């Protein structure tokens, strides 16, 4: 025996300004909530997709990132002999020795410097990263100072177009190609010949070795062997896990930040909803008395007012999500706390975030409206009618 | 004289109000019956307890002691939830200030109590439109209360009161806020409902014009029912 | 005075509504203050930097070292008073969650360069004597419960292995801007160990820290130093400590901007809440305003009443919010000390709080005032009944 839904909608429409202001406050809260979750999601997605599940990354034990690690040539040679390494189509072992350094480049927009990953790659590196696609120019010649830059680097940093030169480590590195690695960390890197890099930057050791597993299940065996070898002092991880771990600190920071902010903001929005609903109840006291007199139960009254509050929340939630979805057009370019290097990523909206945001907005509406709704339902009919 | 069945039986009803440590006795040992098809006016000065008595009969307030039976049901023993259902089926309300829901149209206001029944949407609309034509406002059914005059609003309220075919109609100062012409219209309507449809009407008023339209007048003074029963001439 | 009394009485006519509004404003001001304090904490390094200090690092990027031999050449540059050097060690204490800055430094010159690190002479002497010794800031020591003489082991990430250090001195900062979460040990300890384990990495520093004789000479000295090493195997980039600190911030600028944007969103939220309250309150009192008009009060009087009431509410809310900011910052600061070593509420933040609250109070009253002032007396009176 419910009070018709149109009653609730029309009441909200009659006091449009108030409805707009209250739902607007909630929309802002949901916007912040969704935006921050989208940021964390975008960050993780970028880094997680940056690897292949069947690739293994080996770095020095104790280092948390390639840039801190150093692997001597002899150690790299030992790892290269592992039988689990896949053999490519033309008989080559899918194994690469790479060097990762950070170089300081100036950003396009602000002119300020930022650390960018420069990766010295081996002949097999490109086979290990099939997600890389060349979109302009050509691949660098091994043995030369030619380099290719990821799309995000080209977009974000000065002097990174085709035929531009970057001066670093007493060398002029000429850009001969631009590659697209999708929404992954590689798009924020510069790639060149590993031997040339080792010479120029005077690093006699590699940062990491990467290889593809012949059989994905072999990972545990090969990892155990590498990590327990006393000559080596290395650790091995699947490439996907390696990159996911690199986003952990930042993603955690963003999530904690997002949740704590949102909880505080939501208090403000909930208070707004409470004020609105208490006022609605106060102004419709005579109506409440009439409805009760006509025979509507207390529960129906409570549900009706609660419904209005939930509608406010839901509307606010949808509006907030709508605004947040525009954030997907923005690319964030920042330094990853963990690796100290440049990372570009987008706000990513997922179904999980959508449903969390809507649920959150409905909860806000509920918490804001429950006390006023209970008050409305508990009125004495006679007093309510008398207040005309 | 044949005994006409009493539809409302009030027996030794007492009611007090508590207001900031001050206890006020509003009704003292009220006992009387109202016959079916009766049109009763309850009169008395301000504070005499007439509205309180009306509220008790209508089931929107509870007695301190004593019983009230309406159509055989002892409403003083019903719980709040049971009373709600009972009111929906048995009581039609007419208030001094009409008490229409401002965001619903005339026909939607009339339809409102029908949501408490098991009728289908089509049936509800049929009944509502019929009720509106009884009060001669079928052509204003899609108007909001804000677009209707005081008299018209009261007529919509009456349509709402009768649409569920209730056992009794209670009216609290139905003409209190109306001008002479509109008051006439409303009183004519109430007379019509009583004579043509046999509706039992209990009306509280201190407007003597309104009281004259009733068949019986009883007086309340300081919470006591006077024994005098005036019958108005037909 | 009567006017003020009237405003207060009016504001509290509806105690629940006003109370809730004040609470909402207080929470929002608190959030705004905390966000600004967070932004301030981000810039902490910049605030702590001195105009009289320069940082010299490898021109390629921070991860590349410089030879120790540069020290003598730098010292000979005119305008240079003190030369110190060090390496970012990046060691982990127990696990990655306990992150704090740890450096290997040349202790004597480094302490000379940083007079704002206050260390008792006994502790300083004890530190200088023990090559395996380290000094740490008061906040860091409090966080982990270390005492003088405690042995602390760090797991090397850049310099592998487990490294033991003994706490010889606890410094506290001259004022609030100084970072008390740092851990410094002897560069010689690092270097000697490297000579034995990975000789090719020995005799290299991560950065040179230079004190100039006069801050005005800073940029000239920087240029001179860099020109000394131009075209050598390790070219340098020398900049003021402040510029150096700013580069870190600019790298995470996006996040700082996001926090700033969000703090403005808070302001809009309270604006919505307060505006809503004022709209509702005014709507209910329209009849009263009409009556006042019949008595001869003009539009300005009514405007003053509404604006006044709005400002009373915001002032109370703002005061509560500001009062709450200090304990909140203290709690936050302590629990997040690993992320934000320096976390305190600036007076600028309080001023912004007040400006924001006042602005909100004024804007929220605009539409209701307009409605109230514009209403025709007859319409208003009709609404009373």
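By written order: A, B and C. Residues from 1 in each chain.
Simple rule for what comes next: contacts are C-beta pairs under 8 Å (C-beta built on N, C-alpha and C of every residue); 3 or more make two chains touch, one makes a residue touch a chain.
Predicted model only: the values in this text are computed from it and were never measured.
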| item | value |
| --- | --- |
| Leading chain pair when contacts are tallied as C-beta pairs | A-C |
| By mean Cα position, the chain sitting nearest the middle | A |
| Approximate Å spacing (C-alpha centroids) for the pair chain A, chain C | 25 |
| Distance from chain C to chain B - Cα centre to Cα centre, in angstrom | 70 |
| Chain A and chain B: spacing of chain centres that average the CA atoms, whole Å | 65 |
| For chain B, residues that touch 2 or more chains besides their own | none |
| Residue ranges of chain B in contact with chain A within the complex | 55, 58, 60-61, 80-81, 84-89, 91, 93, 95-97, 99, 101-104, 108, 112-113, 115-116, 160 |
| Interfacial residue positions of chain A with respect to chain C in the complex | 17-18, 21-22, 24-25, 28-29, 31-32, 39, 60-64, 67-68, 101-104, 107, 110, 112-115, 168-170, 201-202, 204, 233, 249, 253, 261, 264-265, 267-269, 271-272, 274-276, 278-279, 283, 332-335, 337, 340, 342 |
| Partner chain A, residues of chain C touching it in the complex | 16-17, 20-21, 23-24, 27-28, 30-31, 35, 59-64, 90, 96, 155-158, 160-161, 200, 231, 233, 235, 237, 246-248, 250-255, 258, 262, 265-266, 268-270, 272-273, 275-277, 279-280, 284, 339, 367 |
| List of chain A residues in touch with chain B within their complex | 1-4, 6-7, 10-11, 13-14, 286-287, 289-298, 381-382, 385, 388 |
